[in-house]
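See below for the structure under consideration.
Naming follows writing order (A, B, C and D), and every chain is counted from residue 1.
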Amino acid sequence: MGTSGNFSAVISRTPLRLAITASSLPKGTLRASDILQCDENGRVTGRAGKKPSAETLLHVEIVRRRSAGAVLHTHSVWSTMLSQTWASAPGAAVEIEGYEMLKGLAGVTSHQHRELVPIVDNDQDMTRLAGRIGDVLALHPKAHAFLLRRHGLYTWGDTLADAERHIEILEFLFETIGRSQGGQ
Amino acid sequence: MGTSGNFSAVISRTPLRLAITASSLPKGTLRASDILQCDENGRVTGRAGKKPSAETLLHVEIVRRRSAGAVLHTHSVWSTMLSQTWASAPGAAVEIEGYEMLKGLAGVTSHQHRELVPIVDNDQDMTRLAGRIGDVLALHPKAHAFLLRRHGLYTWGDTLADAERHIEILEFLFETIGRSQGGQ
Amino acid sequence: MGTSGNFSAVISRTPLRLAITASSLPKGTLRASDILQCDENGRVTGRAGKKPSAETLLHVEIVRRRSAGAVLHTHSVWSTMLSQTWASAPGAAVEIEGYEMLKGLAGVTSHQHRELVPIVDNDQDMTRLAGRIGDVLALHPKAHAFLLRRHGLYTWGDTLADAERHIEILEFLFETIGRSQGGQ
Amino acid sequence: MGTSGNFSAVISRTPLRLAITASSLPKGTLRASDILQCDENGRVTGRAGKKPSAETLLHVEIVRRRSAGAVLHTHSVWSTMLSQTWASAPGAAVEIEGYEMLKGLAGVTSHQHRELVPIVDNDQDMTRLAGRIGDVLALHPKAHAFLLRRHGLYTWGDTLADAERHIEILEFLFETIGRSQGGQ
């Protein structure tokens, strides 16, 4: 699902230690040595040698704000499409309501739930982007995920299994919504 | 095909005993202990320990009304899409006519057959939803399947193989119709 | 590619003997005993026991008119879609021109080739349908294939490999054309 | 990805020696003996016996103009679609801007990069087509790829891995753009 991305899992909360994928890895060939340990500033704390993912600060921001145990970031055609279709207005978000599949998101018990997936403008300055994501997470305290415009999906969960289920659920819903709109 | 769902098969008719998948199972990891036996009220009759699927009452309703030997429920992008495209009117149904593939439905011998797949509004109250499904099945005595709005497909057959063939046929037709409409 | 269908290969031309798949076989489980031998009237000539495909007469018609060594018939979403999109006019045909992939059809050496894939109305009366197909093949002496309306694709070749390549080429082109039209 | 195509890799630059796939090979069955060695005029220099790809001169042109180490050519539905959608004007090119995935192209460091993928009219005369491609590469000195109209994609890189990554990136972006346009 998607062609690249990165992921992290919390090793300890105090002090914050994150296991995170190294930067620029070709997909499908991940090895144990490609997982690095870093602190709350995105600096490698364990064995060095590889560079952590450029987006480490975004993972740290999410872990802090959501007390998440794992964060997943993926690129996919449908998430990229929806992030640009819905992103023209400030405060843009993909609205998803009325789908049974929403019950796969943590804490959701009815299809009548209304999920807002905020869309954040992409940026190559990770400090600035982390700040913007912090604002968006504060503004949407119940959101299970957000989209980076023309970039991809970030979601999280108490465990890696929860975060994986969120990816699966959201990709299903993005595809359904994307196809329903005829791609426009 | 689809990302989750549940299924059941009739073990005995008098008294009614249904083998049915347990609730909330991750896909792809089904084991023998995940199949429960329950009665006509959806109560576990055999070895307990797991909760039967929340939708057990819907299976019971279908088995009773149709004398089905097996019931399958799946979630898929195309069935979800069609269930919302066609569902604005009361008595809504997806109309499928003129396709050779219709001959894969039990008892259908010509592409000129007109199949109505009723669409039922989704509900988290299973007793109420089972009642509504009973009404729809009574209203459409020849239907081979129905859709739950923004939820998924239910179909059935004399045997599990028949029900599986119905899924395959209907998903093919839903995709063809969905693509032909350009998703609108 | 496609969910069902049938195929045949010429064993001898005088008298005509065709190896053809038996009727109503579940896909993916074809065994040697599911291949029957039949004559120019579609009657089983070798070991009996199974019924030849209901569409045997169509295969015979194609083999005779085209001196084909093999005939393939498949169902697919894109071929079904194009067969209904383009079928409103009499003499309907899908026109395909300007694609490099056309060079995969026997005897075609340039993308500037214009291929007409005639569309024939579907029918459950196989004798009548075989007659209609004979007329269409006579009218389109250079066609490499035809579509049965809302049913599927028939193509052929000197060898089974040629017919398989034609399926692959035509499905690629049908998908390209179908997507280019936005499904309308 | 795609149903056919060809590829080459530079063995030596002075004199130019190219390893290139032989002509008309069925996909998925490539063997060592299907790779030929040829010179800057597309003539086989090593062991003969097979014909080099008809498009060898195009590979030579790209290798010369771009100092590429490897060239890949693929056919796919999305690249074929975009090559016809955007090709009506002279100097036609697919414009891709604002996507994070662009950073997978060699030398691109920001999603704000604007990539132009020129579209070249298809031709069966390879000498003439190679000349046209030379002109287009000169006109677009920063392009990472070009499309042959209704034919397919050519891309290249310092290494085979770079060229493969370019295929992957561009196919992702073509699909995203193609779906966003609803195919029109």
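To be clear about the criterion, contacts are C-beta pairs under 8 Å (C-beta built on N, C-alpha and C of every residue); 3 or more make two chains touch, one makes a residue touch a chain.
Every value quoted in this text rests on a predicted model; they were computed, and no experiment measured them.
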### Query
Which one of the chains is farthest from subunit C, going by Cα centres?
A
### Query
Considering subunit A as a copy of subunit D, what rotation angle in degrees (nearest 5) results from a C-alpha superposition of the former onto the latter?
90
### Message
Over half shared numbers or under half: where do the identical copies subunit B and subunit C land at their interface, same or different?
### Response
different
### Task
State, to the nearest whole Å, the distance from the C-alpha centre of subunit A to the C-alpha centre of subunit B.
34
### Query
What whole-number Å value describes the gap between the mean CA coordinates of subunit A and subunit C?
47
### Query
Out of subunit D, which residues touch more than one other chain, so two or more?
182-183
## Note on the structure
Given the complex, residues on subunit C that touch subunit D span 98-101, 104, 109-112, 161, 165, 168-169, 172, 175-176, 179-183
### Task
Write out the stretch or stretches of subunit C touching subunit B in their complex.
3-4, 26, 75, 77, 80-81, 84-85, 122, 124, 148-152, 178, 182-184
